[in-house]
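Labels for the chains are A, B, C and D, by order of writing; each one numbers its residues from 1.
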Amino acid sequence: MSDSGLAKLVVAVLRRDVMASLRRGSEWSNPLVFFVMVCALFPLGIGPQPDRLAELAPGILWVVALLASLLATDSLFRGDFDDATLEQMLLSHQPLYPQVLAKTLAHWLMTGLPLSILSPVLGVLLQLPAKGMLALMVSLLLGTTVLSFIGAIGAALTVGLRKGGLLLSLIVLPLYIPVLIFGSSAVKSAVEGGEYFPQLAMLGVFYLVALALSPLAICGALRISVDQ
Amino acid sequence: MSISSTFHKWGSPRWFYQFSGKLLPWLAGLSLLLLVGGVIWGLAFVPADYKQGNSFRIIYIHVPASAVAMGAYMTMAIAGAIHLIWRMKLAAMVMKAIAPIGASLTFLALLTGAVWGKPTWGTWWVWDARITSVLILFFLYLGIIALHQAFENRDAAAKACAVLAIVGAVNIPIIYWSVEWWYSLHQPASISFTGQSTIHPTMLRPLMATLSGMYLFFTWVLLLFVRVEILDRERNTRWVQDQICGESR
Amino acid sequence: MSVRRQAGVVLANTGLEVKRLYSDRDDRVLFADLCFQLDAGQLVQIAGPNGSGKTSLLRILAGLSSRYEGEVLWQGKSLLKQRHEYLQQLLYIGHGAGIKAVLSPLENLRWSCALRGLNNNDDKILSALEKVGLSGFEEQACHSLSAGQQRRVNLARLFCIPASLWVLDEPFTAIDQRGVTEIERWLSEFVSEGGAVLLTTHHRLSFAHEFKIVTLGEAANV
Amino acid sequence: MYFDTVGDFLSMGGHGPYVWFCYGVSALVLSILVGVARSRRKQAEQQIRAIVRRKKASSSSTTQH
């Protein structure tokens, strides 16, 4: 298997998933709408005082982004499982690892990326000081990728089950905790005027570990889910 | 060759059933002796802690429960890996049996931790690093149990749980370290209780007894559950039927 | 003309060999002691009533399912030991849709080909689509096609992906009478060129060559 | 014995309720674990006996005819 062959495989899978997701529309827009709506609920729930909102904003934004990413994850393999195109991936003589990697990255492009780009707008709504915006965006860019990879493990494990959605949250949420801790802490440090590079570096480490290891678990989980 | 034959033997449910049957009375006796003895020792004979008073005596059940719960998760992940790699059915049974036991012990650790907190710190729940980690461990157990129940097919359930347990086990050090870091960031000055400074050797000895007692208890109950699972799965085999109906006659 | 074997691949005489295969579902035996052989240039039809395990058997033979005991050999060697080589030769079409509804037939087949390492072969895809009677529909989203047409998009993979073994689960579903005759002709062309076909169908095959029928559902009565 | 009286031992300087509650619940949970294992074993044994009984019944009926 030549390197260019693998690259072509990755590009083909990536292109197909992004195209399908763009055509359907709801797949990438629903998590965004969810993100906006839930963020808008918080001032209604805890009161409109700007200083209080500003203090809570890093945590709120990160938790809601995490939930939005989680909700989107269930659909990662479900469509392919239902229309049996997942079987074609498993029965390709080419390795599954790059295919899974490409699928997860495509999913992040359609959910995590727009979420991160939109996040400063919601930061403004929640009175997040301008100092925290860059940290918010960068931490979300790195963090949501990790969330996508971890979530993909859960999605692959539950894709063969009829009621996978809620179960997926149960098994994946505890694994999200380190990302949440470092992501929100980065934003908080930035707001307080402190150093936030260490937290981002930590997220970067998680990113690399997830990129390298999680596809292994996803491949195994997919084979198990199809073999029922 | 010898490794694989040992594995083969260990993987045989029949051999395991008969071997574990001989261990059971020893495990039961020793674990209860150590647990009950250690608890009586810790409750009645060890002097009170000069800072916390008598509430520290909860340590003799709290620490063993959390330590064994943690170890049980790792054991579950190892059993899962063995099941996935060597397709050993016995490992799947061990994995399935550990989940409810581990979850019960984690629940116990959480509950005793909370009750300990009330007289010591004046509140039922403190988001301190250790108790938060135990809470997350509890979530991980619940996830495994929920995933196992969701599958109709036994083999798929075992394999899926094995993957999840391994992923969880890889994550646990990261999660614990993150929580530790998070706690050090937010630690309020008023709670400055640290375990090491107050633990006196005389307090430690009963703890060793209950800790090893809890490990043995875990092994004992685990064997009980695995044996039931073996009977369930192999109920159509001759040896199981002879075993059960032979005993009654 | 329909078999495009990769250069250098020489078909051995024995294709697929099933030895003492056993599988069950929830303590119900689907088949036990199942033995048959499928050589190059042969067609085997798996018959049997609903629930007799036809799809399960095909999924086992495609390597999607591991819920069996016994042996499956490909060219004399166990399937498990040469999965990669086997998958290169295998084309499995299950009873699922096999296509993404929001994508066009062309896009779907491009992706299917890319999974098999075939890039930039739009010519082949277009001629395959023409062969299954879908010229003019290449760029239309699949969800706007009829069920039979969607099935044909899936079957078009037969003509743009080289393989020496076709495993087809109910290929005639949703296909009209004329289409069925056509598919039978394709199968016989493929077989006469040295391909091997394993399929399930409730339809009475009218097939130019001799073919074997393996009937499931009898083992369960024992 | 660290405590002077049984009353002291039970009250534990005011911490008694907490300590005793912890040990009570622990004893309960641990014995439930053992109990569940025992009852599941009884169930499994009963099922296996039923299978054996059915097998015997069917084999004796076939030998008669």
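The working rule: a contact is a pair of C-beta atoms (placed from the backbone, for glycine too) under 8 Å apart; a residue touches a chain by one contact, two chains touch by 3 or more.
From a predicted model like this one, the values you see are computed outputs, not experimental measurements.
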> When chain B is left out of the picture, which chains can still reach each other by chains of touches?
Replying inline: A, C | D
> Which chain lies at the heart of the structure, taking centres as C-alpha averages?
Replying inline: A
> Which pairing of chains gives the most C-beta pairs in contact?
Replying inline: B-D
> From chain C, which chain is the farthest off, judged by mean CA positions?
Replying inline: D
>> Averaging over Cα atoms per chain, report the distance between chain C and chain D in Å.
In response: 54
> Roughly how many whole angstrom separate the Cα centroids of chain A and chain D?
Replying inline: 45
> Using the average of all C-alpha atoms in each chain as its centre, how far is it in Å between chain B and chain C?
Replying inline: 48
> With chain centres defined as C-alpha means, what is the inter-centre distance between chain B and chain D in Å?
Replying inline: 17
> Multi-chain contacts in chain D: which residues touch at least two other chains?
Replying inline: none
> What are the residue numbers in chain A that touch two or more other chains?
Replying inline: 227
> So which stretches of chain C touch two or more other chains?
Replying inline: 67
> Which bits of chain A are touching chain C when the two form their complex?
Replying inline: 5, 8-9, 12-13, 16, 19-20, 23-24, 79-80, 82-85, 87-94, 99, 226-227
> Inside the complex, what are the residues of chain A that reach chain B?
Replying inline: 153, 157-158, 160-161, 163-164, 167, 170-175, 177-178, 181-182, 185, 206, 213, 217, 220-221, 224-225, 227-228
> chain A touches which residues of chain C in the complex?
Replying inline: 62-67, 84-85, 87-88, 90, 92, 94-103, 107, 110-112, 114-117, 119, 141
>> Quick check on the complex: what are the chain D residues that touch chain B?
In response: 1-3, 9, 12-16, 18-19, 21-23, 25-26, 29-30, 32-34, 36-38, 40-41, 44-45, 47-49, 51-52, 55
> If you look only at chain B, which of its residues touch chain D in the complex?
Replying inline: 35, 39, 43-48, 53-55, 57-58, 61-62, 65, 100-101, 104, 107-108, 111-112, 115-116, 118-119, 217, 221, 224-225, 227-228, 231-232, 235-236, 240-241, 244-245, 248
